[in-house]
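Labels run A, B, C and D following the written order; every chain starts at residue 1.
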Amino acid sequence: GTETKGTLPKWAIERYSRQILVPEIGVKGQEKLMRGRVLIVGAGGLGCPAGVYLAGAGVGELGLVDYDAVDITNIHRQFLHGEKMQNISKADSAARSLRSINSRIKITAHNIQLSASNALEIASRYDVILDCSDNVPTRYLLNDVSVLTKIPLISGSALKMEGQLTIYGYREVDDKKKEPYTGPCYRCLFPSPPPPEAVGSCSANGVSGPVPGTIGCLQALEAIKLLVGRNRESLLVQRMLIFDGDDMTFRTVKLRSRNDRCAACSDNATLTELIDYEALCSMPANDKELDLHIL
Amino acid sequence: GTETKGTLPKWAIERYSRQILVPEIGVKGQEKLMRGRVLIVGAGGLGCPAGVYLAGAGVGELGLVDYDAVDITNIHRQFLHGEKMQNISKADSAARSLRSINSRIKITAHNIQLSASNALEIASRYDVILDCSDNVPTRYLLNDVSVLTKIPLISGSALKMEGQLTIYGYREVDDKKKEPYTGPCYRCLFPSPPPPEAVGSCSANGVSGPVPGTIGCLQALEAIKLLVGRNRESLLVQRMLIFDGDDMTFRTVKLRSRNDRCAACSDNATLTELIDYEALCSMPANDKELDLHIL
Amino acid sequence: MPETLKLQINFSGGAELLFDKIKKHNIELPSVRKYLPDSKAEKWTIRELLVWIKGNLLKERPELFLQGDSVRPGILVLINDADWELFGELEYELQQNDNIMFISTLHGG
Amino acid sequence: MPETLKLQINFSGGAELLFDKIKKHNIELPSVRKYLPDSKAEKWTIRELLVWIKGNLLKERPELFLQGDSVRPGILVLINDADWELFGELEYELQQNDNIMFISTLHGG
């Protein structure tokens, strides 16, 4: 059928009807989702739930970045990878699962380690970046990519029973004002990386699956709201969600404005190109920990 | 390999290592999860995320109840059903997807409409019930099942951009006290059903996928915490989570104690067996709405 | 004590549809003896607040919000994030800057 | 003003591991002139609170919590649920019943 409502084909009206009915989305929102392009960095505990809801919502184009292969210890929380996908590329495995959910959208598996040499080129093809990564250097890398490309970054993280979520580098599009609002970037909050010995990881400290599950769902929700054009009062801009799954408490805390001395995003920024983030952070850009001595 | 740590086989230590590392779970908690049996009522927007994390966590036995078949309008949020599963039973489709994630656990598809005539028999085989249903009569039915069988009920719900979550019928196991603590049931809070014209549904009012996604993840998390023996201060007992996805606010509000005039769970209860819940609620026990006039 | 009583009233879970779809209302109540001169009420309680809401905020179909002198079944009332049952329900005496929330319970999934 | 200052101190995101794994601490501070007689401080600010925490709550490896006279990079400090940067960071003068939260940022996923 070629019957349309606005620019939406009839199949899309039917398929996405349950979310089109939501006043905050509507037909116009669905059109925007179908034109939207989202890059998901990390096809793990956060990227699986985020990807599944963005594919389901009919976001036009999804990119999945992961250099890693599926390991049996991933499967408890990384549900796009079935048992049979062990040792297969995570980006490929996730892309395959997402295609079975929605064949109407474009899904690209970027089966690589994101780095200073390839990140800008890949990211520039998308409208929103989801930081679903698992290590400090990649978080600084993605922040600088977001600042340099002016693409907003929806940053989720999880460890043990806790999760955190906020949007960095959000820009308000408003042609009438001279200087449109820009939210803080990761470096506005964290100008220097933490000492490596203070950094926990899922492989060393563990994580309960539904915790990144929850944060990943909320990353997808923020991406949907961002794509349909919800304003910054609705979005987690200059606000951070702090989730403690053990006592099931959530706090939405107020963050600082953009830091006018920020090395990355301020008018006085010194950042002009990507750098060596493993050197900056004195840590490798992965989450490998073979020593399970705690057990 | 038959090497074990406590009663856990070596494969389980490895496979579930990331959650065993979480202090609130540990080896003892993993053992309890693997002996745990959870009934998920509704293989839809809540049941899919809840099921995927409970299967991933290695919960010993999962039951999935759904009378319905997969429809194209489900897929945006009910991600265990791929496009190719249209018109297949949702319970079967979800069970199949969960088996591909974890072949080590027992998964039973209950491809039926839960009712007064079959609910007690099915529920009595499980330790925890997840209310992932989509209609009022089933919510009253499950409450009364929970009260009569003394099985706790983790109740999630979602509509448009909002979600709610709490645990009903929680019982503290404590042999030392004469009268162990029992949390409120659904009827303690809602003695009478709402007027049918005041009840919204996902098919009439819509829902954004990540909203039931978030609530379903949190239902899985509460089930895991309950099975491993976290106490009621940690659990959503006598507390309700109120989530508004549009402005990303969460409130955890304090609920009443068990109502000593409750018709279902009090010492003065009149409930002795299941009744006709469609008659009680003047509503059908499904979420069918063919009239998409709002579009 | 000031002449007026300031409250934040929240509606959610669909209850806001009866209130112009507005979820947060900052209201200011006059003295209850001025507003309800025929009533015996000396202080604002939830009971009188419901009367005020019906007269001032409720835009349509009051039967979907009220039943008798209370809220209809399926609406949970929270006083400063706690179930009103813990505070005497209709008899609770409103305090300056209270947050009163009316939540329609959800059944979808 | 009372002699002592009551605060709730929260640690999360792993920072609690340095504090006996306890996330919530209700503390009571004596007068700052008694506690730090050699300092010029007249009032408790976050700066003096960090000194007190180091002496009274911190159980191990202070370098994973403090750096110089401030917190180490990667710890976000919240004063009543808002970023301390909005209140002057170390210079913020503590008020009765303040909630001060130290959150170690997470990087896992």
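In the analysis below, a residue touches a chain if its C-beta (ideal position, glycine included) is under 8 Å from a C-beta of that chain, and two chains touch if they have at least 3 such contacts.
Since the model is a prediction, treat every value here as computed from it, not as a measurement.
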Least hop count linking chain B to chain C through chains in contact:
1
Measuring centre to centre with CA averages, how many angstrom lie between chain B and chain D?
40
Length of the line joining the C-alpha centres of chain A and chain D, rounded to whole Å
31
Check each residue of chain A and list the ones that touch at least two other chains.
23, 160, 202, 205, 207, 252
Contacts with 2+ other chains: residues of chain C:
none
If two chains touch, include that pair; go through all of them.
A-B, A-D, B-C
Of all residues in chain D, those that touch chain A in their complex:
12-14, 23, 63-64, 72-76, 78, 81-83, 85-86, 101, 103-109
Parts of chain B lying in touch with chain A, wherever the complex brings them together:
5, 13-25, 27, 49, 52-53, 56-58, 72-77, 79, 82-84, 100-103, 160-161, 202-211, 213-214, 217-218, 220-222, 224-225, 230, 233-236, 239, 241, 245-250, 252, 292, 294-295
Okay, in this complex, where on chain A does chain D touch?
42, 44-47, 132-136, 139, 156-160, 162-164, 189-195, 197-202, 205, 207, 212, 240, 242, 244, 251-256, 259, 287
